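Two complexes follow with chain A in common, the first pairing it with chain B and the second with chain C.
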Partner chain A sequence: MQRMFMRRVGLALLLMLAATALTFWLVTAAPGNVAALIAERAAGAGADGEMIAKIADDLGLNDPLPVRYARWLGDALTGDFGVSLRTGKPMAEEFAERIPMTLALLAGGGVLALVLSLAMGIAGAASNGGIVDRVLHGLALVGASTPNFFVAAMLVIVFSVWLGMVPTFGVAGLTSWLLPWITIALFPASVLARVVRVNLQDTMSRPFATTGFAKGLTRSAVLLREALPNIAIPYMTTFGAQFTLMIIGAIVVERVFGLNGVGAFFIEAIRFRDFIGMQAILTLFVVFFVSINLLVDVLAMLADPRLRRPRKA
Partner chain B sequence: MSRHSQNGPIYEVEGLVIDLYTPTVSVRAVDGAGFYVAPGETLAIVGESGSGKTVMTLGPLGLLPEGVAVDLRGTARADGKDILSMSPTDLSRLRGGFFGVIFQDPMSALNPMLKIGPQLAEQARRFAGLSATEARKEAVSLLARSGIPDPEDRYDRYPHELSGGMLQRAMIALALAARPRVLIADEPTTALDATVQAQILALIRQIQKEDGIAVILITHDIGAVSVLADRVAVLYAGQVAEEGSAIDVLTAPVHPYTRGLLASVPDFRSDNATGTKEIPGIPPNQAQLEPGCRFADRCELVQPQCRTHRPPLVKVGAGSVPHRVACPVVIAAEGIVTHD
Partner chain C sequence: MLKLDRRSFLATTAGLSFLSVLPRVAHADGHADTLRVAIAGETGDLDLLQNVSTLSSYSAVFDALIHYGPGGALEPGLATAWTIAEDGLSISFDLREGVSFTDGTPFDATAAEWNLKRWMGVADFSWIGIADNYDNITIDAPNKITVKLKRPVPAALLELTIVRPVRFLSPKAAAGQPIGTGPWIVESYSSTETVLVRNDAYWGEKPAFGRMELKVVPDELARANALRAGELDVIGGDWVAALSPRRAKALEGEGMTIVAEPGTATTILGFSPKSPMMQDKAVRDAIFMGIDRAAVATVLFEGYADPTADIFPTTVPTAGARTPVPARDVAAAQAALTAGGWTGDASGWAKDGAALEIAFLVSEESFPGSRRIAEMIQGMLMEVGVKTNIETVDNATMHERRPNFDYDLTFFATYGAPYDPHGSLGASFVTASDTGPDGKIYVHPDLDALVATALETGGDSRQGAMQAVYDWLRDNTAACPLVVTQRLWAVNPRVKGFTLPATDYDLPFKGITLG
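Now for the complex of A and B:
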């Protein structure tokens, strides 16, 4: 168990290293010259070749790629992600302002996806082919096939414009979070509801479920107490995957709802060819992906008694 | 308590018909079969794989796996009460408290995510009315009684931490925790090592003796039948071919299928010790119902009327335990006295 855990952590660190190196290479290989961009910003049209060369030299842009990556990594490890070419502010500062916003979006969306998917999946399994089951199945299919910008638009039209219920733009108290949360949670909730439903159905036809009935439990008790713990592991794994994907959703959702998170910043960084900003945000995404997956792996290991307490030989 | 006398049946099933439907097949798994068991008695149900032993015994209790649609007719009574018309809640309570069930494969029949002991304690609390501390003690002593060493330690174990034999003992303890009146053991030793099999059977016999409960033993193991059973029912293609006291059925079988079944058992009777004889042919397709005797296609004694008339179960001999056989041909040919 402990060795397995250490191996996962080691693997996670290696993955982060490889992924940041890859993004570093891709970002630097992208068309556009950082030195030229900086010179242009500083001197407008008056930037000449000499000035650009000097800036490139100052920034170490002429060093070989591995050297530059090593320098970038050393800085990043101390929390220095460079200065945004677009805003002129250190990325560390941008992070401090924007990460809480994105985290609030993801956390709220994650909780909503969790609650919705469990409720829908369990209600479907309890109904077991009945009308509730079929309606929920339909809803999950719709939810899993509707793009989030469309969901956002619909929600805004219905709730804000027609019903005048919640503000559509920016952050103004808890209610303004509702639409972004619903938008970002709908897809993962739909996918996860199916995972819950299908796995519960499968588990209910396993022999130990029959034992549960033989113990005198009602069907709903068998469902909740015997079957549900057995879907914990597939559920957690899928939840982890869906939760990491929500960061992609955040890019769109933050834009649509005017939230100043890292997702919105990423779009701007691309538009302004802010290579420093892009690299910083991509690094953040990589760290998020890898650490959520690591967390889920560890939690799934802890949830499974067969892994938590391997049988002594 | 019971409307029945001490020796009247405590679980009885009559004229049971069970059709199973899956998206691909529909099968008449049980076709007008029945059985009964009295307190303190062990009934063995034998028959080939697929003959309907499990479906007949557990079907009336609603213990067939989900995913199969079940259409069930006939009568089934537990302690005189009609099971088939019970509300789901009442039936749940009956399953938990009145019946104890041991399944074939303890590895898959015990929930891998749940500790052994607390499940026993909960049964004792819910059905035997014990307090939480009493129930825990009861669970530990049940584990001990089922032959599990160091029961205090095993109480908090998960199924994967126990061997197959120990798990089946735990399963037995679980089945007994609610202090049931009827213990159903569905091939309780098939999944176990040969050395463990005898121990498990001995344990079931010991419990049966001590508690005086009714036991239904579903098995392929004729040796186990001869050791444990008071009465035997032989099932063929969803119908009872023969039933009676273990002595009658094992030593004086009448139905050609029973005779074939016993002849195919090595070392069961000395005159067969040297060579065993399988019954030729395969059981009929239970998805296609034909009139007449289900055994006709494999029977050496088959007569034309066997294929048109379903043979009734007829009482033969004059023993105190009814011996019934569904084969008029042998009864007539051997001049066996009937009592109906």
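Now for the complex of A and C:
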């Protein structure tokens, strides 16, 4: 187990390294000139060719790409992600200010997706072809097919503009989180609800479920006591994948609801060609993706002894 | 029939109870003395020497020696009077007495000198004429200074009205502390909002309310919804939190007050001086005559734009004589092509074996809505027989291609007040200027000489020298002005007496009272 865990961690680190190298190459290959942007920030309309050339030289922008990547990686490992071209603040400071906001959004959305998906999936399986099952199936399809910017706009119009129950933007108490959480949770909750429903249906046809019925257990009892624990692994892995994708949703949700998280910062970084900001946030995304997937792998191994067995040739 | 059992009844009741306890969002409650203004990006620390903070908030906190008034009128700021020497080589300022920075530091000649020396004569600010030609400063009295110049700078006084770096910071302010003499004091700033409180010791007209909250709302739809919900009082302003004409029209239909005033910046269709096709004046004339500016203003700007054939609107000083806005004339456009040696008709034109086909460079990022305008112009020119190919690129590509004149047609905009006309003329129409990624609208050796003369001419001759530039641009069809977009704002009904400041770079608060 320990060896397998170390192997997974090693692979995860390699993956992070490869992904950061790829993003570094993509960001540097994008149109635009970092030196020109820095010069423009420092001197406004007074930025000229000479100043731009000097900045490029000072920053080593004329060095070969591998050298630049190695230098960037060395700095990043010490927590130095550079200074944002847009705000003029070190990215470490930006992270310290913005990551808690994004984490709160993802955590709330994750919990909501978890609760909603289990509730919808179990209710659908309990109904088993009845009206509740069909309605929930329809809702899940709608939830999985509706883009989150549209969901956000509709929620704001109904609950903020018409009913005046919650703020349209910003953070002002728990109620201000409701719409962002619902918006970001709707898609994963819908997908996960189908995962729960389909897997429960499959599990309910297994022999142990039949045995449960033969022993006189009710359908609900068999669902909750016998079938539900058996869908833990597929649910956990799908939840992990959906949770990591929520950070992509955060990019839109944070902007729409005026939350100053890393997603909103990423959009502005792209708009202003803040290459340093973009690279730092892409690195954060890579670390997030890989770490969550690693965590899910480890939890799955702990939950299912079969996954801990070494593979035979 | 609906069946209601005990479990669903309890669940429904619990749900409704939860919703009912959610507090209704306070609209004006608790904000009676606070104006809530949307800003698209955080203000930052309002560093006067860095090009980072958003431009719109400086004038609330910092004063300049001279303030920009309606139509470019120069109004006393921290200077109550000024005198330009006859040779134009020195300007004396009488400084306002009894003024202090909000940290208690007195504003006097010493503080003024300290501030001016931070940017005058500094290479980074050589784009400002008075900084580029700075010689020295003398303190003539505790409240009188004289700035001496190496060469006359006729636009010097206008340059002293711009946003940064010309405004005055307390010499005792620590780094990152925005302390000025203006009507507002920065209480706090973060990435979500900046809170300003009234400077009760302000030397000028004090705001009628005590607090202003600048809320960061990057998304335009979110701003509109927040206004609808009563969470914001004011949205709009190109440099504050832009409001699109479509959104303004929608809000107007919902009972919001829309304030639209003539703008100060012109949207211009630029012809690349390096494009062989665009070097042909007949082609430029055909395009100039083949566009229906009124339709562009009405359809694409929902009426919130004014058609124009001039480089600068009358809202900026020395904008020159007015050129009648030409009605679209397809026949005249085709006649111009024929006179220029082109053969063809509405199906297409050719000259010396080359078909008339134009590359139209567009970036939605650089100029939101430009794709739609380009498509409309494409349709209009198609009827003349001029084929245009729209190339949509991102902002960075636009910033690379525009300085290299790597296009046939593309959009430009003049800077607007308080930077014009000298700002746009000196940057966008001069071969030697380094405008970086912004590119230039048109350059030509003859134009260089005219612009240089105009910018160096002061006094009564200035208007004539400026007019010579405008005439050259018009006679050579060097650019194709389209519309002057109006300054658009939407305000909550509780805001009374809303009046716009003189420029798009200032926050509106003067004259406003809160209901």
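Convention: the second predicted complex is superposed on the first by the 303 of 313 C-alpha atoms of A that agree within 3 Å, B and C clash if a C-alpha of one lies under 4 Å from a C-alpha of the other, contacts with A are read in each partner's own complex, and residues count from 1 in each chain.
FYI, a contact is a pair of C-beta atoms (placed from the backbone, for glycine too) under 8 Å apart; a residue touches a chain by one contact, two chains touch by 3 or more.
Here the structure is a predicted model, which is why all the values come from computation and not from measurement.
In the superposition on chain A, A:305 contacts chain B only, with no contact to chain C.
Ranked by how many residues of chain A each touches, chain B and chain C are led by C.
By the touch criterion defined above, A:87 lies against chain C but remains apart from chain B after alignment on the C-alpha atoms of chain A. Of the two partner chains placed around the shared chain by superposition, neither chain B nor chain C is touched by A:3.
When the shared chain is aligned, chain C comes close enough to touch A:161, but chain B does not.
Interface residues of chain A facing chain C in the complex, by the touch rule stated above, are 30-33, 36, 39-49, 86-88, 97-98, 153, 156-157, 160-161, 164-171, 175, 255-258, 260, 264, 267-268, 271, 273.
Every residue of chain B that touches chain A in the complex is listed here, in rising order: 61-67, 88-89, 92-97, 99-101, 103, 105, 108-114, 119, 122-123, 126-127, 158, 160-161, 171, 174-175, 178.
Across the complex, chain B is touched by residues 128, 201, 204-219, 226, 229-230, 232, 305-306, 309, 311-312 of chain A. Residues 19, 22-25, 27, 41-42, 44, 47, 50-52, 123-127, 190-193, 215-219, 221-222, 225-226, 228-231, 365, 394-397, 399-400, 427, 434-438 of chain C are the ones touching chain A in the complex.
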